[in-house]
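Both of the next two complexes hold chain A, though its partner changes from chain B to chain C.
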Partner chain A sequence: MAEIKSHIGTQNKKGQTYTDAWKMMHEAPRSPSFYTGSEVIKEALRRASCDVMIAYPITPQSEAAALIGELFAEGYIGDYFRGESEFAVMSQCAGAAFGGARVFTTTAGPGTMRAMENFPMWAGARLPIQMIVTCRGINSPLSIQPDTIEISYLLNTGMLVWHAETAQDFFDWILKGFMVSEEPEVHLPLALCCDGFFVTHTKDVVNLTPADMCLPPYDPYRSPVPCMDMECPPVRMMRDPFIMKSNYISYATHASWQQEIWAAVERSRKHTIKWINGLIDTENTDAEVVIVASGTAVSQGREAIRLLEDEGVRCGLVKVKSLRPWPGEEIREATKNAKHIFVPEFNVTGWLAKEIKATIPNSERVHAGPHVCGGMTMPPEIIASEIKTALGLRSESLAGRGS
Partner chain B sequence: MSKERIKISPDLYDIMPSDYQDLVQSATYGKEDRGWKDIGTSKELIEQHSLCAGCPESMAFRYILASLPNPEDTVMVGSTGCTSLVFPMVAVHNIHSLFGNQNAIASGLKRALSVRFPDRVKDVVVLAGDGATVDIGLDMTLQAWFRQEKFTTICFDNELYANTGGQESGLMQKGFVAKMAPVGKLFDKVRLPEIARESGCHYVVNCTVSKPSLVEKVIRNSVLIAREIGPTYIQLYTPCILEIGKNSMEGLQEMRDSEKPTERFAYKEYVSEPAKQFLAELAAKDKERKAAAKQLAGKA
Partner chain C sequence: MTQYRVLPGPEHFLPPAAASMGIYLPNPGEAHINGVIVPEEKAYEEAARQFLMAQVPTIFPGPLVLWAWNEKAAKKAAAVRKLYEILKECVQPGQKPMLIPMPDYRPKYPKINPEVEINPNHPNLTIWHNKIDCCMFIGVHCHQANLSLKIIRGGTSCYTVAMCAQAGHEDAMLSFRDASVEKILKLGEWIRKLKGTVKPRLTTAKTSASN
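The block that comes next holds the complex of A and B.
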């Protein structure tokens, strides 16, 4: 077994210093940089002490995946290759994680769907893989445009699911995400989602940690299940394989293991709160009207609140950062004063509104919308308009032809 | 893994299961010339299994596990099917994840082990059925070979989906009547050994498991070549006696009948030029070692 020791303070082959993650993320000086979301993913990975990254092209994550290839060529990543499909890539990620590596990958839209069979397997096998999901449409006819519907399919896989609003979230959460995922009592994969194009392809000022600091390496021997590297005794696992047996022991084993996965999601709550400073952010939640949103819908909501303030309507904001673990208690508390709760979303079904309705008392307060999908933008005006309509206020017609 | 690592604390010895005690006392981890002849005199790396009585797959498992050149540093990757009933009883780390993705898992695994243990040998061996290898997992089987991933792929070819009850598979013979082939299979048995050769495998063998010494040679070669040169593929006939209407005692004869020179499992082998050279070097070293040992024995 590789010797378990602290690497903090030592240098990797690129001359970066392994740094205590908390210090690196919270105390180290930051320098502002003007980067696209894709470039930010690369910069986060430069500091992530990642062993294996596996790539596959699909818009809008191709650029990020290719940029990480450049990092590999520079020597920052242990191994890197292009797989043959998302299904294969996610299995390759699993293989690398079973073998004790810190593993990273990126996907989007139809790729997420194609790979779906892998995600409950990742969670069930307790593999702390990090997967960036740059959301896009999954419907036919073919669409490559932003749309967050794919997140709803990830919510019941047993993965941790976070939804970044900005490139800054992305930078910080990639690095912090490894820390939460790799906690021995968590040890689950993380789907770190963002809205494709809006975050990946726009430039923003992002405050980066120093490039000569990196996360401590992953220690696979802190895993709650054995690492498959033949460095610990290969005992016979069971006398009677559970897989296809129809008996009570088999059912009970599978049931308790599924419960354990969700218990691990639950146990991630305190670590997630610690690392990303709460599962939600709130502003003015004493107002009678509150917008609850995730991803870039938060940014649009914030602008809508500004518009509404100009018209004398006071409105609070809840930014949902983590979807799994789900911030039920936090949302109940943040919306307790609200008479009207608006949930703007970049998808047609309104999955976030459904989750919120299932969480809070008096769920008729929830106005599921506005929704845009298929790549449409969500101008703040339509959020403001929907709110004003619901409140019975006069609203000017948007892009209309007059009446 | 050193054999030291599996040693039991004396205080806990008597509460450990007897099969674990046996593993510590007499398994052949680390034995240089291990092989099928150790069966019966040492602890095998497979405990009881839950396959059907007389299933040739169980013979194949025993011979393969006896023949791995480096079990103390070998990780196996399986897939869904009858083999997944056996793997939990195998004393080598093994992974089951999904159906058909075994060569993708092995690709990631081999790379992770190479990153983590750059100065040590860590062998990866895939062992899956014909449905997993040729049907649902074909793209990942081939793509691992195209990429020259350095691990061995073993296919237990029973020419049908056994575990789900005998449905048609790509490696089934043409004309065979099975579930999902109600009027007989309409196309030929997929020629995966030839495809393997064209896809970049350096060592390809198609045979049965009727002869343990042959299985030993083939498995040893395939693992060593995969370690040093590139992908290898072994297709072993392990008939499903249940689904072809045979009795428990008839598996061996079925394999013998199927390996006759004109039959579909007549021994076929392909060795690439680099692999031939490698095997020749191995043979020369082996000869040298034996001569030295003989000389030493003579002096004594």
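The block that comes next holds the complex of A and C.
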């Protein structure tokens, strides 16, 4: 908003310079560092001008949450505390965001599920909170291992949902995510997901922006709803029955409200495309066989493609970066030449394959798999094997003694 | 490219959000008319024409300009008042310009007084009561403005204009973005410029039955 003074070029209390976000992310020099995904989350937050981070321990995000505590001790985060549970954390995040703060949190697996009621509330209240989801198993018997099933529950909350493949994605998208989320016509929470352990607990070379640069602070006066007003919806909506009354006006108001949330998801499309350079990445999509994947399944798919090339099978790749907004048009275009579309996933239901089937013509082209879940790894060989089997090529057995 | 157009209603029992129908917001320097991106200058002319054509052209100022919470808001409020005065000067006998505030977003108990205010949860009541056939939102928080604009499009035939300080509104039939004192006054200049050249639809105005 024009009347709010620009902070660009000024310094925060840690001596970091508030920098134009586009320049910081695209033009500033980068320095390579060898970090785990959890450490990368900390380094991104160091540069994010974050007002509040609220933590609760649950594997595999606990390390990131603890590391951000160190940032607070160093003075980079405005406030930091541990909630009483995941549900409490997400409610406290809402309170902080209602008050006009830039808010960040992390969760995983059963924690995501326990807090689920809050996510549609965040979206409905237009709170641009960023939540890292380090995906893991959610069901009994207990598993702390990687599994992306929880993402499927987030897809219809009204949140933006992105799925990072690598620690580099993670670093960049945490910072860029705030820029998309906080656009006044978007102003929605972002669930930035990664595959737990595979990304959080492995080290990788990540190119970091300078530590003496940080994002401009959040400007709550650009919010599409009042920063906090106990007399107005959405807060008033929750404490008195107007919207819950049984009459046409109440229904129409609530219906229009819900539509507005999904309209805001649509509006995020152009900003997401701008900031993360498209909703998908593609390689060789003129091939008859295409792998479409998100998260670390992309990395495994890429390796499978290399194995297949050695055997003379040409295969394309679509990396789905954003799940909400959904890249329907992009996927239709990228798969228009494909006779076979394979969707490897780290979950039992194959939610990504279902989304793709609902998007493209001739959905019988989609092979929903291979799937692994409950923490199993997905060797590239099983992707290559599934593709070769579908193409009628000989494929060696990959489990047991084989034949 | 979408075929959907944002037109005066009544459109539907529950009209879709225009953004979900493929309507995009304008970039800086642009506006939209019926969901089609146009140069801002064209939108001034069309907004002025719609105001001068209407039987009850109405400005709905919201909390962001009604309350003097900073110097800029106070200046915008003065500009809105000026725009209203220009409108009164430029209309013809039989036309009835109105200035009805949206002072807050509280649901009104037991019912709203539609003669003195409009509320985003049931804006159609104020439109219907006053037979408003063209209105402009200014200073309304974007979420609440979209809520209102969609309900108005769903149930009334009112032509909606949004003078938005942020990125604009797809759910209005005509939307400016990055509203400023200068832009408000420029719309006033266009109304003056078109004074006497636009025929008001006094005899053909839709009644409350379809309004």
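Couple of notes before you dig in:
Following the convention adopted for this analysis, the second predicted complex is superposed on the first by the 384 of 403 C-alpha atoms of A that agree within 3 Å, B and C clash if a C-alpha of one lies under 4 Å from a C-alpha of the other, contacts with A are read in each partner's own complex, and residues count from 1 in each chain.
Basically, a contact is a pair of C-beta atoms (placed from the backbone, for glycine too) under 8 Å apart; a residue touches a chain by one contact, two chains touch by 3 or more.
This is a predicted model, so every value here is computed, not measured.
When the shared chain is aligned, chain C comes close enough to touch A:249, but chain B does not. Which of chain B and chain C touches more residues of chain A: that partner is B. Shared-chain residue A:226: touches chain B and chain C both. In the superposition on chain A, A:184 makes contact with chain C only, while chain B stays out of contact range. Contacts of A:117 after superposition on the shared chain: chain B is touched, whereas chain C is not. In the superposed pair of complexes, A:259 makes contact with chain C only, with no contact to chain B. Residues 1-2, 226, 229, 231-233, 236, 240, 243 of chain A contact both chain B in one complex and chain C in the other. Against chain C, in their complex, chain A makes its touches with residues 1-3, 126, 183-185, 187, 222-226, 229, 231-233, 236, 240, 242-243, 249, 252-253, 255-257, 259-260, 262-264, 266-267, 270.
Taken in their complex, chain A has these residues touching chain B: 1-2, 51-52, 54, 78-79, 81, 83-85, 87-89, 91-101, 103, 117-118, 121, 125, 226, 228-241, 243-244.
The touching residues of chain C, counted against chain A in their complex, run 14, 16-20, 24-25, 63, 70-73, 104-107, 109, 121-122, 141-144, 146-147, 150-151, 154, 165-168, 170-171, 178, 180.
Against chain A, the residues of chain B that register as touching in their complex are 1, 5-6, 17, 19-20, 23, 47-48, 50, 72-75, 77, 84-85, 87-95, 97-98, 101, 104-117, 122, 139-140, 143, 147, 163.
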